[in-house]
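Following are the structures in question.
What follows is chain A paired twice: with chain B in the first complex and chain C in the second.
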Partner chain A sequence: MSVYINGIGNISAQHTVDKCILKNGIENISGNRYHCIEPDYSQFVDGKQIRRMSRVIKMGIASSTLAMREASLLSPQAIIVGTSLGCMEDTFSFLSKMVQYNEEMLSPTAFIHSTHNSIAAQIALLFQCQVYNSTYVHRNISFESALLDAMLLLEEGNVDNALIGGIDEITNTSFTIMNRLGHFKESKQVTPENFYHPGKGSVAGEGAAFFVLATTQSKSTYAKILSSQTFSFCDSQEIVASAKLMLAENHIDQLDLLLQGNNGDADDDAIFNEIADSIQMNERTLYFKHLCGEYGTASAFGMTIAAELLKNEITAKKFGYALAEKPNTILIYNQSKGIHHSLTLLAAC
Partner chain B sequence: MSKPVYITGLGLISAIGNNVSESLLAFEHHVSGVAAGKYLPTRYSDKFPLAEVKLSNEELALKTGLSPTLSRTILLSYIAAKEAISSFSIKQLQEYKLGFISANTVGGMDKSENFFIDYLKDEHNGHLRDIVNHDCGKPTDFVAKELGLKGFITTISTACSSSANAIMLGSRMIKAGKLDIVIAGGVDSLTRFTLNGFNSLMIVDDNQCRPLDQTRKGLNLGEGAAYVVLMNEKIAKAFSAPIYCELKGYCNTNDSHHQTALSDAGNGPYLAMQGALKMSNLNAKDIDYINMHGTGTQNNDASEGKAVERIFHPNYPKLSSTKSFTGHTLGASGAVEAVFSSLAIKNGLIYPNFNFTEAIESLNFSPEIKYQKGLPIRNVLSNSFGFGGNCTSLLFSKA
Partner chain C sequence: MDDLKEVLKKQIVEQLNLKDTKPEDIGDDQQLFVEGLGLDSIDVLELIVLLQQEYGIKLANAEEGPKIFQSINTIAAFIEANRK
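On to the complex of A and B.
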């Protein structure tokens, strides 16, 4: 059985939501906070509902709608979302009011939408889907957990398509706190040219990347996903061995491209570079986080890049990548602090 | 036919006991864990009874050898996960493809809400050690690392069905041959965030809750953690593991009706139970006991009741809501009740409904009110439904 990517909806710091990036190329962003370029949400939800929705839920609704439209799918047979931090705007809103008003006179609205599963739930509600619905919340492998669940569902044979997504938002509060925890470089330090200069911390990012996966190819197909795996509390030798095994199992003698989640943090990038080195892919490795920033589900954005590169010759140039020819196989490797790692292997159709 | 997946280990901590055997005694002696709040610092201590684990963070730390500054969520999760694997050696487990799949709804919110008191005065304030627990993945990672569980690790958050989905995923991964052994379950500790959230929805009872009862007025919030160990037959034999039961069926559906309320017809619950029955190749008449989601809210019990009626009328199996003893442990509840369901099969148990007075007028059944043991219980359905319309039913069968 093959798993095809038949539709993508991608809200990111680049002009991906309207696909203008394929015409005009990438946005050069500076600073330590990469916000999404958002669509007019009234195209996706009616005005009354929009007012009650936080930004991350709107992003989820819009990007899932776009993915389904592209795949000409009216109703998915499963909805699975990965989000490392969930609906922070509503969470912090309820939390702040609870503290300020000393646990009194609280409106339930923010609480209701603060639950991590409310993105997947709102998508189900909008499309009236009574099907399998789940949400994964495990740090930098939240998206891959959703992907793995979807691939398992497709393999089990009870469904032949699934809508999956990786989604996280930046809020002022989350940025301030994560900045205090040393997650980000200083704003003035970061320019498009020096994004990957080794330092301490990375750049805050956010995004919503949704995919329609299906067992049959269609005219909208981007690529196929051959395999995806996550590894936790493992050393780099195990990752290297698993990457080699994954390639061998899929009869790939020479991988065309390694797409890695390097983020400009010296400690993180040392791990990335070691892996690229160990599987002899130094010369054929590209990065993607200078386009989207660092966040728990950034690898979902990475998968949109891989899918676009495998589909269109033009993508590489417009995304600013120097590639001699269109790749046929791409391995995405992401990790954070050496704890959770993910490998996802894609091929052109 | 896929190969069966067995439950070979159980771990549990909740308001009715710090381990599995204490919890069973509470049912036997008919003692509810719902009481006046003692540990959660909230202005509602006198107003809303809570189903708290009867140990302070300091006592939990002493019991585990962990730091008392950790999130209570971590401490509870560690205790239950450790009990679940207590009949195996970690070294031995590590020789296999191992998975730890946990679940929770608010991560280390018990610490985040303290952080925010200072943070809101000045954004430079607040102990950072209180906010690093915030995300839902943190408790899972901490416990995995502490117990030496490496390999496949993830966390699910689908509100009150979270840990039922963790158990479901664990079983699916074993059936697919991706993992050999999975420790699956979930945890949630009591927080002001959830208490105030549920209170703002006006669904918290200011007395002991009365699920599946005409006089019900809402839920009591609880806390706890529970994990099961899942193995296929070959591995269970290799470990000479105690087999509690088989996890024979499961189904995850969405009610897609409302963010916080189930449909009157109980469509999501109906589809979840039907799906679990279908997967198990069982009929309604084969079910001996249903561990109801039974929160005690008007909406849940009416909707779930309707779904039960649609499937089982007129031959209802024995049923009850153990939340009348444990309170609603939110993200942990699916796993807490999976432990009870496993024991129901292993020991032939039926759990009573605490404090039951009057059957729901619109329904044709009422819950069990006496603890019974030594009965021939072959098949048990366990329901877990949550905000966002997430509905999951698990079906446990005699191995």
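On to the complex of A and C.
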């Protein structure tokens, strides 16, 4: 059974909401913090509902609506979200007030929305959709965990379609804390030209990428997902062996493209480069985090790039990639600090 | 009392994040819930927190809530009567 990507909604640091990126090309960004280019959320939610929603929830609502519109789907049969850090803005608001008011008189709105599963819940409320609803919080394999759950549901025949997404926001507080921990490069060091120059730390990113997955192909289909796998606390040889097995099981003798999550951090990129080298894909490897920054669910953004590359001939050029021809198979590999890894294999339809 | 009502309107707009409503748009006698300003049960909780934080007033009897939170006039009267 195949799993097709029939709709995508993507809010990122690029002009992906209105798909202007496919006309005008990529936005060159500098500095160590990439902000999303956000839509006018009043197009997606009415004023009364929107006032309680923090930015990440609005991003989730808008990108899931875009994915559903593209797939001409009114109501999904499952809603599954992966988020690494959840609703940071509401969490900080709630925790700050706990301290400020000595654990009394806490605002109910910030508390309600401080939970990680608020995003999936708000999407369900908006679409009046009382179906399977789940949220995975598992660092940088949160999105892949959601994807695997959806693939299992579709495989077992429980549902015909599922709305899945990977979403994370960066707030002033979370940026300050992670910056202090050495996660990011100094702002002035980072330009579009030297994003992948090896150094300590990466660039803070954020984004919301939602997909309508289905067991049947449609006019809007981008690509099919052949396989996805996550790994934790393993060595690179296990990743390489699994990648080779994944390709063999899907009868792929020669992979067209390896799309990796290199992020400019010397330690992280050494692992990425070792994998690319070991599966002999050095010459056919592209990166995507210079477009979106580094965040826990950046691989969901990577999957939007892979799906676009598999669907449209023009995409590679507009995304600044030098590809001789449109790829037919793409393997996405992502990891963080060598702890959690993921492989997702996609093919053109 | 008029000053209190103006302050209260600003606090309500801010606390409830009423982006499309300006403080001066709220009438002193306007119903705040359902068909008036369209507030709901979560907003009641926010207003209870507001009274505690800004005016040091704890709502002792929850059954009084609907009367107290009827309008700006009723909230202001409650604050005036109970403010320490």
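Note that the second predicted complex is superposed on the first by the 349 of 349 C-alpha atoms of A that agree within 3 Å, B and C clash if a C-alpha of one lies under 4 Å from a C-alpha of the other, contacts with A are read in each partner's own complex, and residues count from 1 in each chain.
We adopt the following convention: a residue touches a chain if its C-beta (ideal position, glycine included) is under 8 Å from a C-beta of that chain, and two chains touch if they have at least 3 such contacts.
On a predicted model such as this, the values are computed, not experimentally measured, just so you know.
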Between chain B and chain C, whom does A:Ile112 touch in the aligned arrangement: first, second, both, or neither? both
Partner chain(s) touched by A:Tyr34 [first = chain B, second = chain C, both, neither]: neither
On chain A, which partner touches more residues: chain B or chain C? B
Of the two partner chains, chain B (first) and chain C (second), which one does A:Phe233 touch, if any: first, second, both, or neither? first
Kindly classify A:Val99 by the partners it touches after superposition: chain B alone (first), chain C alone (second), both, or neither? first
Name the contact category of A:Gln128: first (chain B only), second (chain C only), both, or neither. first
Contacts for A:Thr176 in the overlay, against chain B (first) and chain C (second): which applies, first, second, both or neither? first
Given the touch rule stated above, what does A:Lys48 touch, chain B (first), chain C (second), both, or neither? second
Of the two partner chains, chain B (first) and chain C (second), which one does A:Arg139 touch, if any: first, second, both, or neither? first
Where on chain A do the contacts with chain B and the contacts with chain C coincide? 104, 106-108, 112
Given the complex with chain B, which residues does chain A contribute to the contact? 79, 84-86, 92, 94-96, 98-100, 102-104, 106-108, 111-118, 120-122, 124-125, 128-139, 141-142, 145, 149, 152, 155-156, 176-177, 180-181, 230-234, 339-340
Name, in rising order, each residue of chain A that touches chain C in their complex. 47-48, 50-52, 101, 104-109, 112
Chain B residues touching chain A - in the complex, by the definition given at the top: 42-44, 105, 107, 112-113, 116-117, 119-120, 123-124, 128, 131-132, 134-137, 140-141, 144-145, 150-159, 165, 169, 172-173, 176, 178, 192-193, 196-197, 199-201, 252-260, 267-268, 271, 386-390
Which residues of chain C touch chain A in their complex? 15-20, 38, 42, 45-46, 49, 52-53
